[in-house]
Amino acid sequence: MSSVTSLRSNRTLRIVLIAVVAILLLVAPLVLPVFANQTLVRIGVYAVAVLGLNIVMGYTGQVNLGQIFFVGLGAYVTAYGVNHGWNIVVVFAAACVIAGIVGLLVALAAARLGGLAIAMVTIALPIVGVPLAKRLDEFTGGSQGISARFSDAPDWSRLYSDQWQFYIVLLVTAAAFLLARNLVRGKYGRAFGVVRENEAVAASMGVSPYRTKVLAFTVASIFGGASGFLYLAAVQYTSPETLSFGHSISLVAAMVIGGAGSIAGSLIGGAYYVFVPQLTNAIDPSFTTASQGAILLAVLFLLPEGLVSLPRVVRRLTRRRSKRPAPGNSPQTAPARSPVTEAAPEGLQKTERGKIGHEG
Amino acid sequence: MGTFIQLVVDGLATGSIYAALALAIVLVNQATGLINFAQGGLAVLSSYIAFAFLQLQLPLIVAILIAVVLSFFIGALVERFLLRRFERGDPDTAVVVTIGLLTLVTGIAAMIWTYNNRAFPSLFPLTSVEILGAVVSVRSLATTVTIVVIMVVLQLLFLRTKLGLALRAVADNPASAAFSGLPVGRLLMVGWGLAATLGAVAGVLVAPQLTLTPGMLDTALVYALASVILGGLSSPVGCVVAASAIGVLENLVAVYVPLIGHDLKIAVPFALIFVILILRPQGLFGRKVVVRV
Amino acid sequence: MTLLELSGVTASYGPVQVLEGVELSVPEGGSVGILGANGAGKTTTLRAISGTVRTGGRIRFEGRDIRGFRPDRVAALGIAHVPEGRGTLGQLSVRENLMVGAYLRKDRRSIPADIEYCLDLFPQLQDRVASRAASLSGGEQQMLAVARAFMAKPKLLLLDEASLGLAPSTSKTVYEAIRRLRLDSGIAMLVVEQNANLAFSLVDTATVLETGRNVLTGSSDELRGMDEIRRAYLGG
Amino acid sequence: MKVRNKSGGALAIVAMASVVALSVSGCTRDGAGQGNGSGASPGITDTSITLGITTPLSGPTAGPGTCTVAGVAAYFGAVNAAGGVKFGDGKTRSVNIKSYDDAYDPQKSLSNFQQMVSDNIFAVTAGLGTPTNRAFRDAAISQKVPQVLVMTGDPLFSDRKQSPWQLGFVPIYQNEGAAFGKLLAGSKDQHKVAILSQNDDYGKGYVSGFKEAIKGNSSISIVGEQTYEATDTSVDAQLTQLASSGADVFFNAMSITPLVIAALQKGQQIGWKPSWFLPSNTSSPTAILQPGGATAYPGIYSVSFAKAPQSPVFAKDPDVVKFLSELKQYGNYPDMPAFPHCMWSYMVGATLEQAFKNMTEPTRDNFMESLRDIKGLKAPLMLEGTSVDTTVDGQPAVSTVVVQKYNGQGYATAENFG
């Protein structure tokens, strides 16, 4: 093990590093230009949405193409609450709870379906959601959308609006990531992982695949609701276009590119979701769709575990190159006779599984 | 009464669009075990290829035939170089690959032919004929008949021919199929090639009505997926029946149930799904997938 | 003339080296057993022949080196591999499984007759012929696997632990049927089996593997003679 | 990666604690980006002025979206080549156009607006889409950035009290519906009207304008009303239902090209031959009426204020010829415009030029004042009887439209119905 890792594992250094990162994040909005703050705010919004998607898709392996519906739902609930003068905390709670309840109801039915039928059913959420949003125009403002101004900086804070919004988003995003990390590290996280590997095996281990999938879906939709709240904090307006189906696909792409099954990967996914359109916008807008498709495929081929695994992959490559033995036959280390090779599972020995990666 | 029959007939016509895509999805699933979300996108690409050949002043039927043949090779190459790596991995990774493919294909079509609606001529005349008091355009009648013919051919291919049997064997257990001498790689490519051909036929049939745009079949894809769930992933007949049922039911509900009306009629197939799948998770005609651990 | 000859065959799964240099030969119409404890490299040897694992050394079939051939090409040469775990095509019916076995055959007309022969060879499959293979019992699936391999009219049958997971009585009936199959068709066989007695009921000669290397080779009678000495090792 | 995950945890606690501390001492920031009244506004120098357009350049609405940029770029491309615009304050400036793609997504149009503010553009113009324009309307008002001559029929943008820094360009949907309603009301004989409208503010605007215009007129009755979704693949069911109402006039507020063609075909198939009304952006003779076989109907009416370059009537019109060549040369839009938005944004260019000529100071306030007192301007490509009039509160820059009837090749102004 190289000397660097032993140093890093030293506890005091890690605390210092965290404090530095925290201070940086807190001071940033005060020094950064307006547009940078606004971009970071948007990254926070979509990082939380991707995080929710990661819980149900990255960790539990259920393809969910309806996550944007819950973001839209959260935004509409928030707009309704703000325009009716509810207290902000109540509004946030309502956005999460209502999205969670709807997610639970959908999951109770969808989780009965095996494998890919879930992907095909969750597609219905945004597809039905848009006309529904237009139909309920007394709540949603119909196709003209609805604006709700609540995230302008209050006078006592003597901050600019974009700074105030930055802190709201920072607070909720940090809490969401903390919650998700503990959830995934705990027994639920293990349950998610087992259900992802093989539902039949999970059942034999006393983990009910059905209940685990429903839990994963519900948590994902709660995060979606929270992301909807942040969306409204950032944009202060929402319309049926917010939950259009195309965004669901971009969210899935962002999750995979950031790093499926990884908490930190969701943050990168949120950044990807916001930055790539700005990038292709600058080059040539007609490339936008094609380049997003190409990037997703490239990541799936070259870096299945997403950008979050880049440092690990780079280190693995550099270590392999630095420790290559003298040329000749493969290292004659004593063959670790693992029983697996003999009684390989049915048919052929399992070939390398190009599966969505899974970080601890 | 005329309106009712007219609605049913119109429903069958729109249902046949969904059926065409659903058949291609079933074909890919039967041959390679995957759900191809890019089926609509590939069909649109094939239609644009036919459109490009039309621009070179080729007669319509020649342009379509070239596009259909080219689609076979595109489908085969997509399987070989894009999907092959993911076929034996997690199904959810494979789905994301097909979603990436959908975005890429739509983007390429948009870059080359822009998003403007392109008119596409039809093989069949625009005249209409009177049946049971309802007026049916020859074009939609021909589309429906073509789709039913394709369905029957597909059903026979899978159940009666050596190729169909081989395709199903590879989808079931590729390693074991190889032990019986089945050229697994080539069969996977053939499966995707056939599905792309089927998609091309569907695209070319509906383009005159929907006019060519990169996202022409996006909504139809959603209905096709609903039909595949309802009809059962393993049964071409089930999907065509489900697709036609969705088309007809959608029209009837939109007109006779004002609460739903035309704007929420897209919820009809999914409401149907929730109801039916609570009773029969494997779909109307699909067979229960038996797994012995 | 030797039908199959392995010399200095090595094989590995990724970095793990399993076969260290296996020597083996199967005469025309002959029947050879491969014995050895769990993990000795028995199954890997069959996989080396059918091209489903990375191999070194030389594998000659009918005088031609087939090392590195893809599984379907190896099958096309007339080598049928009944894999460990039987390789049942679960979603297809029993009849369809048999027809898949005959995929490569040119003489299409004689296939129905062969199917009848298989059903006669394994009567238990008779009334299950239309039902889906996944619903069959372990024993029935093993019979189906052997029948399917036979349907290809191979020159050499690779049989991988046919008794695995079966009740003793079922194993016995399966092996009796295989012996009858060998008498009727004269197909050469390479049989991997932990249960030495079952193996000896089928093979003329056998070789014993230990950590991927031959340690003992000889006719069934010689090996059975030594059996008392090796009882603990071979597991009676 | 142990460190990163660990930092997520501690981060939340530290963040929450110090938010309160820091906010008490909140430090000010230089007024970057905030319009500060005195001196020139951002985005304008002595020799140039920069305008920003956020509009859908990718996704399903990229067709008309690309046109909104092409028209303005074409107009000012030619003007710049001829030396630029002579402003009211005596300085001649070239006009630069910066376009941003929002793919019709409100969140992206707001992000584009914020980027424009940080890129120091003088004003936002010509963008397509009601939700996308509404998404940054409040931000534009609070930062006093003009959002003018935008392509949305939403009346909110022309209401000066609610939207001081905004102004619509195209006639609000109500104007078009009302224009046809007036023509129909003037025809004295009995009419039964069937209505099919898109289920959004576009469709609702047309229908409300039409109903307003025929209110109190006993000879006109509405016998059937249906809606449809922009994402539908067919409107056959609606057509069949409306046909059974026996209406002789079909008021049709549809903005989706293929669905209008299908509706024209379906009507003929089920033998229902009413007179049709079509909105301005889906009534193009070559793209819609010919494929739809419109000559089978007694009359196809539409409204417009722009000359259609495709129609042979205007083939040799000097405005149109100049427009098409500039579109190709400066707007990088090579083929025949498939959407009226190309002509509309070309007129936006002319209107802006007029406003620049009246401007006495290089500030946004002065620009808004001079923009709002343009009357009777006949911008190039405008039809006879229509003009730009920005002086009326509650009305967009163009509110007068001409009702036209299809005569087999192109459109001719229709004095009365029938």
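Each chain carries a letter (A, B, C and D) given by its place in the written order, and its residues are counted from 1.
The rule is short, and it goes like this: contacts are C-beta pairs under 8 Å (C-beta built on N, C-alpha and C of every residue); 3 or more make two chains touch, one makes a residue touch a chain.
What you see is a predicted model; the values in this text were computed from it and never measured.
*Asks:* Stepping chain to touching chain, what's the minimum from subunit C to subunit D?
*Replies:* So the least number of steps between the two chains is 2.
*Asks:* Greatest Cα-centroid separation from subunit C: which chain?
*Replies:* D
*Asks:* With respect to inter-chain C-beta contacts, which pair, A-D or B-D, contains the greater number?
*Replies:* Contact tally favours A-D.
*Asks:* Report, in whole Å, the distance between the mean C-alpha point of subunit B and the mean C-alpha point of subunit D.
*Replies:* Computed value for the inter-centroid distance: 37 Å.
*Asks:* Taking the mean of the CA coordinates per chain, how far is subunit A from subunit B in Å?
*Replies:* From the centre of subunit A to the centre of subunit B is 31 Å.
*Asks:* How many angstrom between the C-alpha centroids of subunit C and subunit B?
*Replies:* Roughly 43 Å, centre to centre.
*Asks:* Counting only residues that touch at least two other chains, what does the list for subunit D look like?
*Replies:* As it turns out, subunit D has residues touching two or more other chains at 58-59, 62, 199, 229, 231.
*Asks:* Spell out, as numbers or ranges, the residues of subunit A touching 2 or more other chains.
*Replies:* Within subunit A, residues 127, 131, 134, 286, 288-289, 347-348 contact more than one other chain.
*Asks:* If you look at subunit B, which of its residues touch at least two other chains?
*Replies:* Counting only residues that touch two or more other chains, subunit B contributes 110, 114, 173, 175-176, 219, 263, 266, 289, 291.
*Asks:* Show which residues of subunit B lie in contact with subunit C when the two form their complex.
*Replies:* Residue positions touching the partner: 162, 165-166, 168-169, 171-173, 175-184, 234, 287, 289-292.
*Asks:* Taking the complex as given, what residues does subunit B use to touch subunit D?
*Replies:* It comes out as residues 2-3, 6-7, 10-11, 13-14, 17, 110, 114-117, 119, 126, 128, 135-137, 209-211, 213, 215, 219-220, 251, 254-255, 261-263, 266.
*Asks:* Which bits of subunit D are touching subunit B when the two form their complex?
*Replies:* For subunit D paired with subunit B, touching residues are 58-63, 66, 199, 226-229, 231-234, 236-238, 240-241, 244, 257-258, 261-262, 265, 268-271, 287, 291, 293, 338-339.
*Asks:* Quick check on the complex: what are the subunit A residues that touch subunit B?
*Replies:* It is residues 57, 61-63, 109, 112-117, 119-121, 123-124, 127-128, 131-132, 134-135, 196, 200-201, 204, 245, 249, 252-253, 256, 286-294, 296-297, 300-301, 304, 347-348, 350-351, 353-356 of subunit A that touch subunit B.
*Asks:* What part of subunit C is in contact with subunit B in the complex they form?
*Replies:* Those residues of subunit C that touch subunit B are 50, 52, 70-72, 75-76, 80-83, 87-92, 96, 99-101, 103-104, 132, 134-135, 148-149, 152.
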